[in-house]
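Both of the next two complexes hold chain A, though its partner changes from chain B to chain C.
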Partner chain A sequence: MAAHIGSSARSRSKFELYMWFFTRVSGVLMLVLGAYSIIYANLIGGPGMMDAAAQTRWAFFPISFHVTASKVEVEPNFQNAFWQFYGLLLFLLAATHGTNGIRVILKDYVRQPVLLAWLNALLFIVWLSMLGAAVYLLFVAQGVS
Partner chain B sequence: MSKLARVTLSQFLTYRGGQPMLAWLLHRIAGIGIVLFVGMHVLAAFFLYGVTGGTANTVANALTEFYESRPMQIFILFAVLYHGINGLRIVVLDMWPGLHRFHREAMWLQWAVFLPIFLIPAFLIALGIKIG
Partner chain C sequence: MKVKVKVRRFNPEKDHRPYWGEYQLEAQPTDRVLDLLVYIKGYIDGTLTFRRSCAHGICGSDAMVINGRNRLACKELVKDVGRTIVIEPLRGLPVIKDLAVDMEPFFRKYRSILPFLINDEPPPYTERLQSPEARERFDDTTKCILCAACTTSCPSFWANDSYLGPAAIVQAHRFIFDDRDRGAQARLAILAEADGVWRCRTIYNCVDACPREIDITRAIGEVKKLLLVE
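Moving on, here comes the complex of A and B:
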């Protein structure tokens, strides 16, 4: 029994260690991905074609809806399979990073273990729904080109 | 079991955690803010494109009107920049623990980087000046 509890505690702390590592790696990766998007937009979009608002939207998340209001030609440079998978990767990193952050905050403040378990289950469902919505928006609503 | 400390409001207000506490608090507020903004934005977009096929609808409009308001734009700019730059400081100090000797300097360096790249666009947004 004691061994069982010990090993479960160890695997639990291993999960925390992995999430600690993931938080750092995904955080740096998101900064790199955002930097690449904005450099790309300025090289391909060209000077004077995107205002600061469009560049900020595109840097935060590279989806064609974010540049349709600007003067750039959306297809093919701002709407293609590369940017769809790039957006999916970015959203996967962001949603997981954010959901894990909320999980850590809940663990800090929720004292009742049963309530915490239910909230974590709810959080997991929200995370999956968000990923589903993102896949729909990136690949169906935006249109595969 | 729980690590939650019981503190009174006056204890909370007079606790002098200084710069590290401020960074922790702002990081947490910014993180929650980004999660709420991204959540609202994805939900609004899903309602707009997935439910009514790109034409206006009540849920999308209400959410969009809220997060595109000027104070929210400035808050999101703050949240993303602060969380990103503070997170970078945390990653650097975690990767090179020897640098903890300079953790004070790192925080001042962080403010020196963060304040200009936040305040200049924030003023432009607040004054409604568009560039580009």
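Moving on, here comes the complex of A and C:
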């Protein structure tokens, strides 16, 4: 009904819609995931063993390196597949949420299309390398138990 | 009381750059800023240019930046803005002269969202009836007077003037949520584009600027949510 009106060639891309939704969902999810990992770390023996800095690092990037320096027993508690994937998920959400924010800011302020395309490509590479580094730290350097 | 009025003046035929015109005058606390401008034009400097029509906050002609905020000169009382009053043209639209800006880019965006009732169903014998509840749904956005105060207060719009801007989205909302209208899909397709609602960063400047107290950011949020479930 009346669909012909104003239906000139338009980009039907839903990318912006999905990214908008993702930003909201990932924001809430990161808080929940971060809260759970820090509560877990404290239940398992965090207080006294991990200093405040280690706790914060653990909350948002739960990787066993962050606790090996302290006196927390890494072995059965942290160095397992669950926390590896947990860490990956948290990192993926955070990196994508943040990178998308920068993409949006670039889109607002960079007026030259060519420059914008280059900056976006650069941003994409940075995002990929961050993910690569996270995967390396979580799965290779830390070793699958 | 004595007040000092500073007006950002610019005449493209004479001036290379804008300058501040300063005027001292006697005013009542209950005078409106518009009254001061009319006084300056009538008794001090006849070349001062600004728009106004109704002088009662209905036509939307005299939106301008008053002490840093987008306001209608006909709704701001001297007692609320203080003894030094700084007046500038709206930001983000080209200045024609003094306080008059070129509204065409603004109205072009307004027209692009199809601001009219779309319904090609055969008309009923009498009018198209609507329940009070259905009318209530979009009541807030019917109050818009197209003064451009919101759009020209929006940093997203300043940063990139291809953004539709809050006013156009408010107008689209007014029809999208009208149950007599059938053009929602066409409008949503326009609003879903990269220069549509996604450029809104929920900064809320528009809500502060709106002289009609429309909850603009909420209306934009409702459009975003509708796009999500569509």
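Operating definition for what follows: the second predicted complex is superposed on the first by the 130 of 145 C-alpha atoms of A that agree within 3 Å, B and C clash if a C-alpha of one lies under 4 Å from a C-alpha of the other, contacts with A are read in each partner's own complex, and residues count from 1 in each chain.
Assume contacts are C-beta pairs under 8 Å (C-beta built on N, C-alpha and C of every residue); 3 or more make two chains touch, one makes a residue touch a chain.
Owing to the predicted nature of the structure, the values given are computational and were not obtained by experimental measurement.
Visitor: Counting touched residues of chain A, say whether chain B or chain C comes out ahead.
Guide: So, of the two partners, B touches more residues of chain A.
Visitor: After lining up the shared chain so the two structures overlap, which partner does A:Ala35 touch, if you call chain B first and chain C second: first, second, both or neither?
Guide: In the superposition, A:Ala35 touches no partner, neither chain B nor chain C.
Visitor: Looking at A:Ala81 after the superposition, I want to know if it touches chain B, chain C, both of them or none. Which is it: first, second, both, neither?
Guide: In the superposition, A:Ala81 contacts neither chain B nor chain C.
Visitor: A:Tyr109 contacts which: chain B (first), chain C (second), both, neither?
Guide: both
Visitor: So, does A:Leu17 touch the first partner chain B, the second partner chain C, both, or neither?
Guide: second
Visitor: For A:Ile125, decide between first (touching chain B), second (touching chain C), both and neither.
Guide: neither
Visitor: Can you pull the chain A residues that chain B and chain C both touch?
Guide: Correct list for chain A: 108-109, 111.
Visitor: In their complex, what parts of chain B are in touch with chain A?
Guide: Answer in residue numbers: 1-4, 28, 31-32, 34-35, 38-39, 42-43, 45-46, 49-50, 54, 80, 84, 87-88, 90-91, 94, 121, 124, 130-132.
Visitor: For chain A, which residues are in contact with chain B within the complex?
Guide: 24, 27-28, 30-31, 48, 50-55, 60, 65, 94-95, 98-99, 101-102, 105, 108-109, 111, 113, 126, 130, 133-134, 136-137, 140-141
Visitor: Which bits of chain C are touching chain A when the two form their complex?
Guide: 112, 114, 118-121, 156, 159-160, 182-183, 185-187, 189-190, 192-194, 198-199, 201, 224, 227-228
Visitor: Show me the residue ranges of chain A that touch chain C in the complex, using the header's touch definition.
Guide: Within the complex, chain A contacts chain C at residues 1-3, 5-7, 10-14, 16-17, 19-21, 104, 107-109, 111.
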